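Some structures to go through are shown next.
First subunit A sits with subunit B, and in the next complex the same chain sits with subunit C.
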Partner chain A sequence: MRVEVRHLTRVEGHANLVVDVASGELRECRLEIVEAPRFFESLLKGRHYSDVAPIVARVCGVCSNSHTLVSLAATEAAFGVEVSAQTRRLRQLLAYGEILQSHILHLYFLAIPDYLGVTSILPLAKSRRELVTRALRLKKLANDICLAVGGRPVHPVTPCVGGFSALPAAAALQELRRQLVAALPDLEETVDLFATLPIPAFERETEYLSLSPDGGYPLFGSELLSSDGARIPVRDYRLAIEEYLTPHSTAKFARLGRESYMVGPLARVKNAFGQLSPMARQVAAALQLEPGTINPYRNLVARLVEVIHCVEQAIHLVDETLLPGLRREVPVVTARAGVGVAAIEAPRGTLFHAYHYDADGCIESADCVIPTAQNLGNIEADLRALVPQLLDLPRPELTLRLESLVRAYDPCISCSTHLLTVDFA
Partner chain B sequence: MTKPRIGFFDFTGCEGCQLTVLNLEAEFLELLELVEIVEFRELMSEGGGELDIAFVEGSISRPDQIERLAAIRARSLTLVALGACADTAGVNALAALRTADDLRAEVYGSDSPHLATLPPQPLAAHVRVDHRVPGCPIDGREFLAVLQALLMGRPPELPSFSLCVECKLAELPCTFEAGVVCLGPVTRAGCDALCLRGGDRCRGCRGLIDNPRSGPYHRILEENGLTADDILREFRTFNVPGKGGA
Partner chain C sequence: MIGVGNPLAGDDGVGIAVIEELEREGVAPGVEVIDGGTGGLTLLSLMAGARAVLLVDALAMGRAPGSVAGFRYEAGVFRADGAGLSLHQAGLGEVLALAAELGELPELFIVGIEPESLELGQGLSEPVAAALPQAVAAVHEWLAQFPGR
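Entry: the complex of A and B
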């Protein structure tokens, strides 16, 4: 039996899933990333620091804010630029806006059709109109955060090396706060909806990696934490993370202490459960998500818990920004030769950018390590463990089960260079 | 009356333009009343069949993409290039400055023949493109305006003046005065000078206007100590040589 899903849908990017089983034996199981390579790291060579973040933002439409923010942080690290507390708060708010945007898109548009027996959210526009309008309202809120702080929901324009080139109006932040509070009933309904979904039972323990939760729930940070106990300075990520090529993928794979590891919502929740906001912890309890949860399908629930966390934190961030009053600040940057490494918790997991700059502030070399690329090995390992448990299922059901597993990771394949084909031979 | 059948497709790019369509939250449900979205890989599982309008995002950068694009063209009455990557090669245009083998070896090492690529090109290099929505990413309003014109059976029109007009209407200071190179004078308007409003400069993502006034622009460049080569190098960030890039 060969399961092949060509151009996996409802994922961001192009990938194929190939599973080959003969007489009950799994012969082949691979996730082929067939997205065209784009060579961003080479394209950055020779570029002036002021162009670097706008270029790398284009790696991905869904997480362009994360790429921008981590890029700015890496450049600032290379030049020894310290940013103000106001800049740090606004960047956190922008990052939470993007995590919300991406998570809402995944929960409602990409994942839920699998559980409601439809092929997309579109037919629900008639049959479940309240669900679709709620999804659109929540998505708009997230986009409004990115618009107010970053100047545009996709590919932000206001964040720049050293700070912001334009600040949101105080009135826009107050309006965001009003909308964030007004979203709470929509979030309650979302939690009620997800509490009813038949999330498949499947467990496989792995290594979980995120930024360290020492300064709060991981977002920015200088230290990595592995669930196996290792603490690694972000600047040494290359020593700890091994990236490697496979013949069937245009994305690189990665490993840490074991054969594969997981980054993203479930990894963050596991490593930083105690740092979740009070509401997010309540929701986690209501949905039976615990630090001990090792079911990769429950990445979906972890994503929803993070939505609650981001909304609650965003309200606090608006208050903390407005209380001292918004101040106009002119970024002060002096380029110098040097190396800058930074990491951010992007919606799908830890994202690294590292740059070598010359004395004129132009890129000599660049390295970007993408969350989905880090997860690919782990997705394959999950599939290898799962397929033998599903061989009695009818083929369409088996295929759906495998596709939803891949989707639970919300792979962002444009980033990692796109897909899923389940082929039965 | 049957609704027009619309499809969304993507090639080499970031899917930010399709996301911008999804970000039209307020109009999205109305849109579904007017058209039938039959293909949208990022959003839905099914697909196939004849299309009234294909919106195609991304550049063409691999041999197999040429065939896939031709097949989409063959079953679509109207094909619209969606966004800078499809229209002018977008930020992928940066790869045109290097050889494909060089780029591949640098990122993936020398033993990676399965990663072969072509120099990224806009759709029009391979198929007939009927209309386009420029920008990186597209502007959601402009997408709706183009779709509205097509649904009414009129050819969509893009602004024929330069970005400087929108910048001046917004009463923004000229970035050249701050010593920063800006591509506003030669770039097609339609984004409402969004990057300039955000305190940044224009990098030319909407492509060249139809008839740039080369005389005045040369003067601006000379006054700021720039050569035509300098400005072309700037323009290459979002525009592949010879394809909308001049």
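Entry: the complex of A and C
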């Protein structure tokens, strides 16, 4: 059997999925990625540290805040700069704003069409208008968080090495708090909606990687946690994560202790279930998402649980920021030669930046490992396990099932690659 | 006025370059200049509440690189089947179609500049960089004509 889906829609990027089955046996199954040259590293070479974050903020329209924040953390690690508690809180709030932006878009715009029998959100603007306007209200809330803290809804401008170049007004933060609380009914309706979606049953255990949950639900941090038990200092990520090439793809795949591993919402929920906010834990229970879940389709549900967590935590972060009063702080930065490595939990999983600086504060070399590249091998392994279980399904249903599995990872290949297409061979 | 595009993808950044020039020059009260980047659907909330919107973007019109065109947006000008709905890069067509479907599309004008190269890397190509003054002039022309100003 040869199935070809030339263009996998509602994912970010371009790839081909090739599945070849002969007499009930899976002969071939691969995700072909067409990756652009590793331009990220070359783009940063020779740049002064003050230019680095504004450049990486443009790498991606979805994860621009994550790229910015991890870039600043890597530079600060290289220069030995400690940031204040206020900066840490505001950066966390900004990161949560971006996770909300990305997750809400994924849930409502990229994933839900699979479950409501439409090809895109457009028909729903007619048939389920309340759903679309609710999605846009939640999206706007997330944009407003990024705008208030980062100075723009996308591609932030206020975060800088050592802190912030401009602070949000206290009134803007109070308004955000009001909006966050006002969003609760929309979130309740979202949970009700997703509780009705028929998430396909499929189980495959793998290795799950995230930042360590020791200081709370993973976001920033200096240690990685693998579900297989390993704890790895972030600065040693290159020793632990092996990137390898396969003949069918120009993208790099990644492995840790096993053949492949998963990063992203489900990995985080599994590794840090006890650190979810009280409301997020309730929603996880309502959606039957348990730490033992090994169904990759349930990344979708994990994403919704994280939405609840981010909203609840954002309210606390605003309070904790306003309570002591916003203080204007002047970042003190002295460039020096050295290496800085940092990681952040971006919407799609752990994102690494590593920079070598010269004594003038200019980049000698840079490295970036994006979540989707880490998930590619795992998506393939899932598909190899899944296809034999679905051979009795009619072709369109089989295709949809495989496509929505790929989409469950919310792959964003544009940081490092172009378009994504799917071919079933 | 919203500039869209990615300055790390060659001429795709021309919309941002035009917006930056307008920011330097300054604009009249009541006009907001926004760097929309590659925010995709974020564009919907950026346009919300505006009486009229001018989008500045690199447009593949099949003309000579650096050609500048200004026109009023009509449904169907851009491909918008929704299947490609994506958060960035592609998606302007879908975003506008969705806004129209929801009845939230403001009066919309486009100033498009034909790109030469969208290869990854910073900086505009020679013909597109040379067209910047013309693109800025096209924006001013629209502003001057806009009724109620």
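As a convention for this text, the second predicted complex is superposed on the first by the 411 of 425 C-alpha atoms of A that agree within 3 Å, B and C clash if a C-alpha of one lies under 4 Å from a C-alpha of the other, contacts with A are read in each partner's own complex, and residues count from 1 in each chain.
As a convention for this text, contacts are C-beta pairs under 8 Å (C-beta built on N, C-alpha and C of every residue); 3 or more make two chains touch, one makes a residue touch a chain.
All figures in this text were calculated on a predicted structure; none of them were measured in a lab.
Student: In the superposed model built on subunit A, check whether subunit B and subunit C fit or clash.
Tutor: With subunit A as the common anchor, subunit B and subunit C collide in the superposed model.
Student: Per the contact definition in the header, classify A:Pro200: touching subunit B only (first), subunit C only (second), both, or neither.
Tutor: The answer is neither, since A:Pro200 touches no partner chain.
Student: Look at the residues of subunit A and decide whether subunit B or subunit C touches more of them.
Tutor: B
Student: Touch test for A:Cys160: subunit B only (first), subunit C only (second), both, or neither?
Tutor: Touch partner of A:Cys160: subunit B, not subunit C.
Student: Touch check for A:Pro291: first (subunit B), second (subunit C), both, or neither?
Tutor: neither
Student: For A:Leu245 in the superposed arrangement: first (subunit B), second (subunit C), both or neither?
Tutor: first
Student: On the A-aligned overlay, A:Asp51 touches which partner chain: subunit B = first, subunit C = second, or both, or neither?
Tutor: Only subunit B is touched by A:Asp51; subunit C is not.
Student: Per the contact definition in the header, classify A:Ser64: touching subunit B only (first), subunit C only (second), both, or neither.
Tutor: Touch status of A:Ser64: both partners.
Student: A:Gly338 contacts which: subunit B (first), subunit C (second), both, neither?
Tutor: After superposing on A, A:Gly338 lies clear of both subunit B and subunit C.
Student: Quick one: is A:Gly216 in contact with subunit B, with subunit C, with both, or with neither? Answer first, second, both or neither.
Tutor: Neither partner.
Student: Between 63-71, 135-143 or 171-179, which subunit B stretch has C-alpha clashes with subunit C?
Tutor: Among 63-71, 135-143 or 171-179, the clash with subunit C belongs to 135-143.
Student: Let me check the overlay on chain A: which residues of subunit A are in contact with subunit B and also with subunit C?
Tutor: 7, 9-12, 36-37, 39, 43, 55, 58-62, 64, 105, 109-110, 119-122, 125, 132-133, 136, 139-140, 143, 152-155, 414
Student: For the complex, give me every residue of subunit A touching subunit B.
Tutor: Listed in rising order, the residues are 7, 9-14, 35-39, 41-43, 51, 54-55, 58-62, 64, 105, 109-110, 113, 119-122, 125, 132-133, 136-137, 139-140, 143, 151-158, 160, 164-166, 245, 247, 250, 252, 414.
Student: Per the contact definition, I'd like the list of subunit C residues that touch subunit A in the complex.
Tutor: Its residues touching subunit A are 6-8, 35-42, 44-46, 48, 80-89, 94, 97-98, 101-102, 120-122.
Student: Would you tell me which residues of subunit A are touching subunit C in their complex?
Tutor: Counting only subunit A, the residues touching subunit C are 7, 9-12, 36-37, 39, 43, 55, 58-62, 64, 101-102, 105, 109-110, 119-123, 125-126, 129, 132-133, 136, 139-140, 143, 152-155, 414.
Student: Sort out for me which residues of subunit B touch subunit A in the complex.
Tutor: Against subunit A, subunit B makes touches at 11-20, 22-23, 25-26, 28-29, 32, 37, 40-47, 61-62, 65, 90-92, 94-95, 98, 102-104, 106-109, 111-112, 114-115, 117, 136-137, 194-195, 197-200, 203, 237.
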